[in-house]
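Note that subunit A is present in both complexes that follow, paired respectively with subunit B and with subunit C.
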Partner chain A sequence: MELTNKRQKSQYLRLITFLLFILSIVFLQTSPHVLAETPEDKGLAIAIEADKRDLGYRSLTADMLMILRNKHGQESKREMRFRSLEIMDDGDKSLIIFDSPKDVKGTAFLNYTHKVGDDDQWLYLPALKRVKRISSRNKSGSFMGSEFAYEDIAGQEIEKYTYNWLRDEECEGMDCFVMERYPVDKKNSGYSRQVVWLDRAEYRTWKVEYFDRKDAHLKTLTFSGYEKYNDRFWRAAQLDMVNHQTGKSTELQFSNYVFNVGLSDADFNKNSLKRVK
Partner chain B sequence: MQHFEVSIGPWVIKYRWWIIAACLIIAAASGSGMRFLTFENDLRVFFSEKNPQLQALEKLENTYNKIDNVYFILAPQDGKVFTRNTLYSENDDLIVEDLVSDALSLDAEEISRIRAIVLSEPRMVSNIVSPSGHVTEININILPPGKSRDEVQEVADYARKLADDFRQRHSEIDLYLNGTVMFDTAFTKATKDDLKTLIPLMFLTLVIIVGMALRSYTGTLITFIIILFSMVTGMGLAGWLNIVMTTASGVAPTIILTLAVADSVHILATVYQQMGMGVARQKAVSESLRINLQPVFLTSVTTAIGFLSMNFSDAPPFRDLGNIVAMGIMAALVYSILFLPAVLVTLPIKSTRKISNTSEICHSCNRVADFVITNRQPVFWALAVLIIIFISGITRLELNDDFVKYFSTKYDIRRSTDFMQKNLRGWNFIEYSLESGEPSGINNPEYLSKVEEFAEWFRGQPKVSYVSTYTNTIKALNKNMHNDDPAYYRIPESRDLAAQYLLLYEMSVPFGHDLNNQLNVNKSATRMTVFLKETTAKDHRALDAKARQWLRDNAPPHMFTYGSGLSIIWAHISKRNIESMLGASFGALVLISVILILALRSLRLGIISLIPNLAPAFMAFGIWGTLVGQVGLALSVNVSLTLGIVVDDTIHFLSKYQRARREKKLQPAEAVRYAFNTVGTAMWVTTLALVTGFSILSFSGFAINSQMGLLSAITIGLALVLDFFFLPTLLMTVDEQK
Partner chain C sequence: MKKLLPIALLLSIFATWDLPAQAFEINGYVALEGRLFMQDSLYIGQEDNNASIAMAPEFYHESPSGSSLTFVPFYRADSADSERTHFDIRELNALLVHDTFELRLGIGKVFWGVTEFVHLIDIINQTDLVEHIDGEEKLGQPMAHLSVPADWGVLDFFVLPYFRERTFPGRDGRLRTPLAVDTDNAVYEHSSEENHVDFAFRYSQIFNFGDIGLYYFKGTSREPLLIPSVKSNGRTVLLPYYQLIDQVGMDLQLVTGNWLWKLEALYQDNDTKNYFASTGGFEYTFVGIGDTMIDLGLIAEFAYDDRDDEATTPFDEDIFGGLRLGLNDPAGSELLMGLSYDLDNKGNIFQLEASRRITDTIKIFLESWVFFNTEPGDYYLYSIRDDDFIRLQLFYYF
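So, the complex of A and B:
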């Protein structure tokens, strides 16, 4: 019995040794593969994960306050309402309705983000009672005279960039990824690259540095006041964009976020623009 | 003072080695500061912070954007901008999409369509395309980070490289560079050119003049060393004091050279005179120091006071110029009374001329003295009349500063600007920030119509070549929104419509094409830019005054504003500087006269000296007014600059006259003869050197400097005439009446 036990033990040991041997081979073979995950892959993986965490919000509404400031602190305010609809197999649709200044009240901006190709954009002018299509190739243009360009405001679809993970470092007191992303549409983008800081825990964006086509540091965007909605979706209360070349800045405040408000495609088409209140 | 005058000679001789060593060390130590000298490249350097027109401009730039730019002006030799090849080099953007995006694939029909669009677009014709379509430009806005002074230069160098590449590939297209960046760097280039060409020319001229006057190699060599040391010390101290070289202060070394010569010439002339009379070398040096110490000291101090009074100028470069020259003059004084005699007794020198009698020193001086003494009455009255006639020419002076014309045609920037003015649009412009009085008020049709009315009024004024205004944009938008119906090329009828067009436009233009240059942040005001062609500063002042009157008469009070922009600042700068310098020049005159009165111990001589001291500058203005007419910034500093120099000859002459009257108890006529004999040569040699020196400045390719040089040369030349002919007759008339 003892003998058998001993034999069994040694057989177990041999088995374990063998398994360890196999495992180590597998490990040794796979580990080069793990180490070989390129910075490009890692960057893309981060972008995919960040996108995944925001899936399923369906639709949302929020209020926006935009404050434009020049180098000398003179400022100007605009109030808007924001509506967004999640589209499963393409980019999201969004609608921005202007409330002030008074003379542009009722003006509405409709945007269809596309994963591939140019976005579609329309503007409804109540004074003219007409919807005008905007050439969205001008994605580098200023959004309402602010320091935000369209491409900064429009949906950040994964397909619009290629990625490159740079390093991990601390940001805002958290562990963060730092990655670069390069616009796919090089001809029309105003940037050569962007450097993005996301925290590792929740994949929230905290900072974006924009480099112009000459690769000079043009702007920095910082996010603050993140809050969690519906136990899932993180949204920042404030976005600050500073243009380092002109000294101008734009503050964008979001409030009254409501998720899953039951908006549908019918609320996001050209005809609905005229009815929007 | 008298004891000091007597003892300085022997003291210098005793410690000559120490003095030589100390002077060499001082020159080297101060001169090493030259490595800190940097060049300013900003054409605004001529405006002080207190300049109200500059403040207005900066306010405008804070509200909108400061525009720094480079223009590439393209002039195809076949006279047609609208060809495939030329368009290829362009990037004209129209509202929503690029007018030309893939130029090489265009066919003839498309090109003529583009031509028609562009030439019917008021925002382009006479702005970026000439009406006949033969010249166009590419405007590149630059935003220098403002971290280093070299940025502008870098941009300019790169633009030049681009231009050269382009010229090589497209020899059929003439290319001109222009814009504020090119102007800024042209200022630096003008400064460097002046330093490079004028200084060697000045050295050469002075060496020839001094050599001919002294007829001694050693004397000339020593003078050369003294003026070199003085220049190096002045410039080196400027470096230590972190003074930045500008176009105006860049002529400081040239002026120092000219002024430093006089001290050495006076001392050397006496030494040679004494040795010629058989006096031993050391004794001759001592004697020369005894005789010359007071006048050399006085003339240096008065000249320095004149230059220091330039500190009251409103244009900072002139303050720098005054300070650098004053330092150079004081250095020249120290080197002339210490280093010069110390070297003289060390080096082997001998006089080439044997002179036994004082009266034979200067034959021509004697002849002039004889002439003046015998014809004192007619000479006096003739000159008195001449002075009045010359001065009366001042009424013909017209203040005109055109910073484009500051550059002579040897500069690319001047040729390019002339070409641009002739073929495209004017370079000069006046800017207005038109306030609506409420946020978003620029969308108010009433406001827009008023702005349009103002722009229309400007378009009807002579010499206005183009008016850039936001109303052009909003009118074009109105038209575009109505299927390009020309009937809609007008101000939108409602405020909401205007606001929404603007919003649409702002949302449609790509990066860098926004309206931030034309609208302020809360959209309460717009900027209007009026381009002018072939105008003078007088036109700018007149047009702006007329425009203000129009606003007063026709526009609501909140819209009233003064015109701004570089052209306007330059239009006022001469007057502003003359006002700031009037008091300073008067102060310098009083101070110098007091010094003169104390030194000569005669109130009467001090008052008499006022006429030959002051009259030359005003006579020069009169001559300028009659012969040239237009004058700029240079005029404002002329009195300060020349007063201290002109006084020198008067001091030399009066001190000798005084000495003859007091020590030798001579009659006025004989005292005049004595003065002529003792200082006549030195006076005319130094005047010759000064006149030549300042005439060399007139070779500067930069008008402020060339005008300053010419005006000073005329003034100093006239001063000698007055000192030789008017002062003695005046002295005799006054003194003999007693």
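So, the complex of A and C:
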């Protein structure tokens, strides 16, 4: 009886804390992690704050260079262009257009990220002028033969994971949060969990460790060359993904970031896929 | 001369287009091809092997507003079949992009459809059959294409002012009917012949659970009936007969988890025999099989055509099984295998397509088609029963 009471009490307390914490976010009066009590709440609060700091970018374009390396150091390169559109009440829309290798030039990948449920994805094949709807459940599949999976490239919506703050520690010479995140779509994700390092000052991600479904350390992603755009938005110039199980790695460079470029829904539909070059 | 008129018109648009060197690109490919036929030819004059070279450069100019000009000529020179040595303008068009619509004027290409084995409802462009019997190679189609996207779907309007006749292998070419098709003497139902103006209208919409398209086409059938005829030199040939048709068609693709469900259907009204045809099926993908990066897709489809044996395609009541392997390696290696089985007439087709990059600019394609269990009831398939082939292509992209 007493036990139940205690449990009820603690649940009650947790609810109150949670409400306070939500209120604190809503009114932006305090730093969100101060009131958070449990590691789960704190982890979620960190994710929400990181996401909030990126709100309002509207649309952006960037150039991507992907360098694939096998364990012998042999390289192959892929050039792409990236376009993204912020959607207010759902996940973002993004478009990736391939420029090289030349045999895939003009191929384009369109993704509607959803906060809840499967994303919508299409692939445009320019030789046939064919737009193919593809299944977004292949999220653990390799993106263009690289060490990045589709789920690593897609929009990292808050709702795609549950969170657990682990500890604070120094990373890259800064004070950092270390938290775990668990994919909500456990069945189709290639990961059991990810460990993420973010700096406390700007909530930029510096490192992600990926653990496979058997919970073995599979990959590590590191971010470098952060720059601030439009006085607000931090973006890394380089992402390095290393696969510890195969010795292969992929370097992903971003350049020519332009924010608020005035793209609209019309630039992210099947028609626009057909006219990209 | 009439043929050249729209081309001249387009070239004049090119010439007068305001050309501040904003974004001009030249891309394209040159491809070497060797086809090896595994059996002796059935018909007199046919070659056992052929070698050919094809090229398709693409000239592209884009203005800051997103409007663009595209020119894609295509040429193939073939060692064996003079009909397969051919030139075509795949694209020569101006695309005007406005906030509320897109307008494409000139020679272009449009693909409709969702299935893998049969491209049933695709109708805007004529099939360039000498290129490949899979029906995926198309001739450039003169068009005015207005596309209006809205929240409730996309409306596409087409005016098609000039008709392109289907290409067929010549007397020396393999993969043909016993009587060669005389493409120089096509017969039309309508007196305007190739100058008959065709129309099409399509509505399409995307949903979270899938994509749907519905269309209506009024004009000259892309698929000719083949009519035996004795020429003045005493030789019997098949004359392509192009009817006027009214056709409605639909394509539907549903996504549920790893399953892709596909359906295409059409109903055609013509003066010979109205008919219904459909194709559909599913594709299921296993991602990263056995802890590798390899994806394995399983495909099962059916094709139905209520004209049965009178169908102008080899697929009247067939089922298809397919397997797609994507290695996800840096070379982009892919393999597609398929087997078709005709439920009435028997007759199977086995097809295999494999490709991989050798360098960043060179890609190799290996393909093989094998025809077996064929019976006279399926005229087309029976005609090509001894035309099993291996096709090797080397593409250089620039």
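Odds and ends about this structure:
One rule holds in what follows: the second predicted complex is superposed on the first by the 241 of 277 C-alpha atoms of A that agree within 3 Å, B and C clash if a C-alpha of one lies under 4 Å from a C-alpha of the other, contacts with A are read in each partner's own complex, and residues count from 1 in each chain.
The working rule: a contact is a pair of C-beta atoms (placed from the backbone, for glycine too) under 8 Å apart; a residue touches a chain by one contact, two chains touch by 3 or more.
Quick caveat: nothing in here was measured; it's all calculated off a predicted structure.
After superposition onto subunit A, the modelled positions of subunit B and subunit C overlap sterically.
By the document's definition of touching, both partners, subunit B and subunit C, reach A:190.
Once the two complexes are laid over each other on the shared chain, residue contacts for A:141 go to subunit B and to subunit C alike. Using the contact criterion defined above for the overlaid structures, shared-chain residue A:101 touches subunit B and also reaches subunit C.
In the superposition on chain A, contact of A:269 is made with subunit C only, not with subunit B. In the superposition on chain A, contact of A:201 is made with neither subunit B nor subunit C.
Of the two partner chains, subunit B is the only one touched by A:123; subunit C is not.
By the document's definition of touching, of the two partners only subunit B reaches A:71; subunit C does not. Shared contact residues on subunit A (touching subunit B in one structure, subunit C in the other): 68, 70, 76, 101-105, 128, 130, 134-135, 137-138, 140-142, 145, 188, 190.
Listing the residues of subunit C that touch subunit A in their complex gives 25, 27, 29, 60, 62, 66, 68, 95, 97, 99, 102, 109-111, 113-114, 136, 147, 149, 154, 204, 206, 208, 210-211, 253, 255, 257-260, 285, 287-288, 293, 295, 328-332, 357, 360-361, 363, 395, 397-398.
Of all residues in subunit A, those touching subunit C in their complex are 68, 70, 76-77, 100-106, 114, 117-118, 120, 128-130, 133-138, 140-142, 145, 188, 190, 266, 269-271, 275, 277. Subunit B meets subunit A in the complex at residues 62-63, 65, 96-97, 143, 145, 439-440, 443, 481, 494-501, 503-504, 506-511, 513-516, 519-523.
Remark: subunit A residues 68-72, 74-76, 98, 101-105, 107, 109, 121, 123, 125-128, 130, 132, 134-135, 137-138, 140-145, 149, 188, 190, 245-246, 248 touch subunit B in the complex.
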